[in-house]
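There are two complexes below, and they share chain A, which is joined by chain B in the first and by chain C in the second.
For the complex of A and B:
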């Protein structure tokens, strides 16, 4: 009837988390599986890029993301979080790294903290390989980053939207100044000269071919 | 005295006779005369005719019904869910935009991958050499030959520098998001780009 709000108990992870964990095969059973995953998470935090089999990489990713999200949410003065870090990180110098290096790095990230990429097959190895890495590592990138290429369509559209936003801001600022002047010095000759200047300033919106309307409301605002 | 002795002997012999009969089932030696006959079995003569063939268990394992076309096709060609028996062409192969080699969609290009992983391993070895087991409190900045001189010494103060004793590979550009050498943006305003 009265369902408790469980949506705020942990931070939302920005990766796909399966409903149940994989039963990774281990001679020591479930305990051995956890020990292997601890070693994997320790290795990931230590080296920031590791190459391993896909299944274990996917499992370790979930635990690593959860560990980092808890560290960001609660910090190092929280006993439970420190115990969690102590459990998962087998090399204790990495507990320092987690709270002092990774938390400041990932605090403002709106996306996942790790990247899981599929590695190419090698002949003779049956298992699919993967590369698991933390974002912001110092190594050369494995994928091509097309976010900075201004010639690509998504950047062309974003640049135009940015220009329109700036133009609108400029007109907003100048209209504020005009209103202020009118209030202080009503019906002064300075008002007419400044009005003519206002029509000249947002040149950017008239010159660009992308914006079709020359009205004060740019197109992106209506959507 | 002799009579009792004879009687004892006779009783003993009777007991022995009784024991032999109870064990063997007949008196020893046999009560009536008989002949011992050497006997061996001759192999039965096999006649191979059609009538005899159907008498033996020769045709017990036999299909009772015709296999349906679905079963036949499944056995011949397999199934995508349970393992295909026939080879199918891969339609998910793409060309890498950087090097031109082919790779499966969703998987890294093997040519670029080999290059990057080799460099990564070198960098990792170098970092581990310098790091040891001391607590890690800063981001690592990896510099190649002649890069340290480009900034004044004060810039490198308080940073964990790892120097690679080699030239920077031409494909590893310096203009990447290295937050340890740049401070993050302080304003939310959209800044104009070089083209704008």
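For the complex of A and C:
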């Protein structure tokens, strides 16, 4: 087929894009809508974290993602990309930020470049609010990462469970080795005593088993 | 011979004839366990009222609160206001999430225990940077709640005597209560454990406030006269207390139990919980069982696989030492 692969013409975004755009009702019509979005995208690139109405944030997010991914894909020597940056960024010094700061930051990112969080409802504001931010921004995080703090109760329990599992595994391996030794040298009295010890005191077996196994290793090599 | 236990608990969703034999029925209106429970509850209420009235003239104390949303100074009533009341002055978030109070940065204080002097106040919760003490209090609370749930779950012909629970150790993987059950060789089925778990979830969701009360040994002995183990333990606990003859009681819902404390403020701070195993303790004259469970605080979420790992670990017999009451 001589047709171009359509999926490669436009950069694939890592966010969900709704099939139809939002009109974002405006007295100036579509142009007014675009101006609104340009202001938002400019604000996002400038401040890296902004709070605004959810609809506008979600709409602007797609354009910001597209702008950054084009910048990463084509670089600053590409006329179309430059025009795109010129269109979306109302403050022209941000074009430098886009290519010199954001492109290096996001070049290796496997996930989306922006993050959209729902902001809590506040009394007096009827619209849903949201926080839109660039990833890797210098501000303190908005969400708590509960996996980081190992002192939280569920993490304490999980860590101990992991420890117990590993200990059990070591015991299993030790007993396997002992069985193997017994199979190879069924008449060896030393091994028999080991086995009986193991059955009597499961707590001690782990350590003593390992120690005895190690000390007996060289003698097997000689024989 | 293992007893079929489907017959032991009172509220079973599964309608098998065997089930109805052991779990409690609603028709048992005047039952022994119930009588004992309500008597203890009334005595607790009366003593609490007496202590409140003994406060006399209301004095004011300054409490300096440190924490979110901002540090403030509150003027509260001496021996009447609790850290919970302070939280009510601050914000709803603080009221809902606080599990334990820390006075002057050193003393752990229950949420519903009246403040005795001017102090600084910090309110601890489960997502603190180091929640060690809250976790411990949580584990202890789980044991107390487990006792409450087991007491009211069995049928009337099966007397339940709470024995004791060991000092809480979160790292052991399970919270524990040792309980005498007049059933020989009970091995609970999965369904029975599920019913017990359901009872516990139901109990916690009711949001019982956990109240603390310091009472004299004599009163405690009177309250726990029916329980042979507790009445043996009480004089010993009293002699080890700071004042020499005080026992600390906690009330959860209508259930009253002895504990050194501190406990968390409310049962609705318990999130996911399950009772996973019941082991018979060996070498005791009467059948004493070790009930074991695992729980997470409200707001700490875990996927079902990880929680399953915790449940499986909690099934193993908890190594905490069992101290027979006669050894005290």
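Methods note: the second predicted complex is superposed on the first by the 141 of 223 C-alpha atoms of A that agree within 3 Å, B and C clash if a C-alpha of one lies under 4 Å from a C-alpha of the other, contacts with A are read in each partner's own complex, and residues count from 1 in each chain.
The definition used in the following text is that contacts are C-beta pairs under 8 Å (C-beta built on N, C-alpha and C of every residue); 3 or more make two chains touch, one makes a residue touch a chain.
Since we're looking at a predicted model, the values are computed, not measured.
Undergrad: Under the stated touch criterion, which partner chain does A:96 make contact with: chain B (first), chain C (second), both, or neither?
TA: Only chain B; A:96 stays clear of chain C.
Undergrad: Using the touch definition from the top, say if A:47 reaches chain B (first), chain C (second), both or neither.
TA: After superposition on chain A, A:47 lies in contact with chain B alone.
Undergrad: So, A:138: does it touch chain B (first), chain C (second), both, or neither?
TA: Touch status of A:138: first partner only.
Undergrad: Report for A:149: first if it touches chain B alone, second if chain C alone, otherwise both or neither.
TA: second
Undergrad: After lining up the shared chain so the two structures overlap, which partner does A:164 touch, if you call chain B first and chain C second: first, second, both or neither?
TA: It touches chain C, and chain B stays clear.
Undergrad: For the overlaid complexes, name the partner, chain B or chain C, with more touching residues on chain A.
TA: Counting contacted residues of chain A, the larger count belongs to B.
Undergrad: Quick check for you: in the superposed arrangement, does A:179 touch first (chain B), second (chain C), both or neither?
TA: Once the two structures are laid over each other on A, A:179 reaches no partner at all.
Undergrad: Given the touch rule stated above, what does A:83 touch, chain B (first), chain C (second), both, or neither?
TA: It touches nothing on chain B or chain C.
Undergrad: State which residues of chain A lie in both footprints, the one left by chain B and the one left by chain C.
TA: 144
Undergrad: Quick check on the complex: what are the chain A residues that touch chain B?
TA: 47, 49, 51, 91-94, 96-97, 100-101, 105, 108, 117-121, 131, 136, 138-145, 150, 159, 162-163, 165-166
Undergrad: Touching chain A in the complex: which residues of chain C?
TA: 126-127, 129-132, 135, 138, 170-173, 294, 296-297, 300, 302, 306, 309-310, 313
Undergrad: Could you pull out which chain A residues touch chain C in their complex?
TA: 144, 146, 149, 151-154, 156-158, 160-161, 164
Undergrad: What part of chain B is in contact with chain A in the complex they form?
TA: 97-98, 103-104, 106-110, 112-113, 116-117, 119-120, 123-124, 133-142, 169, 171-172, 176-180, 184, 190, 192-196
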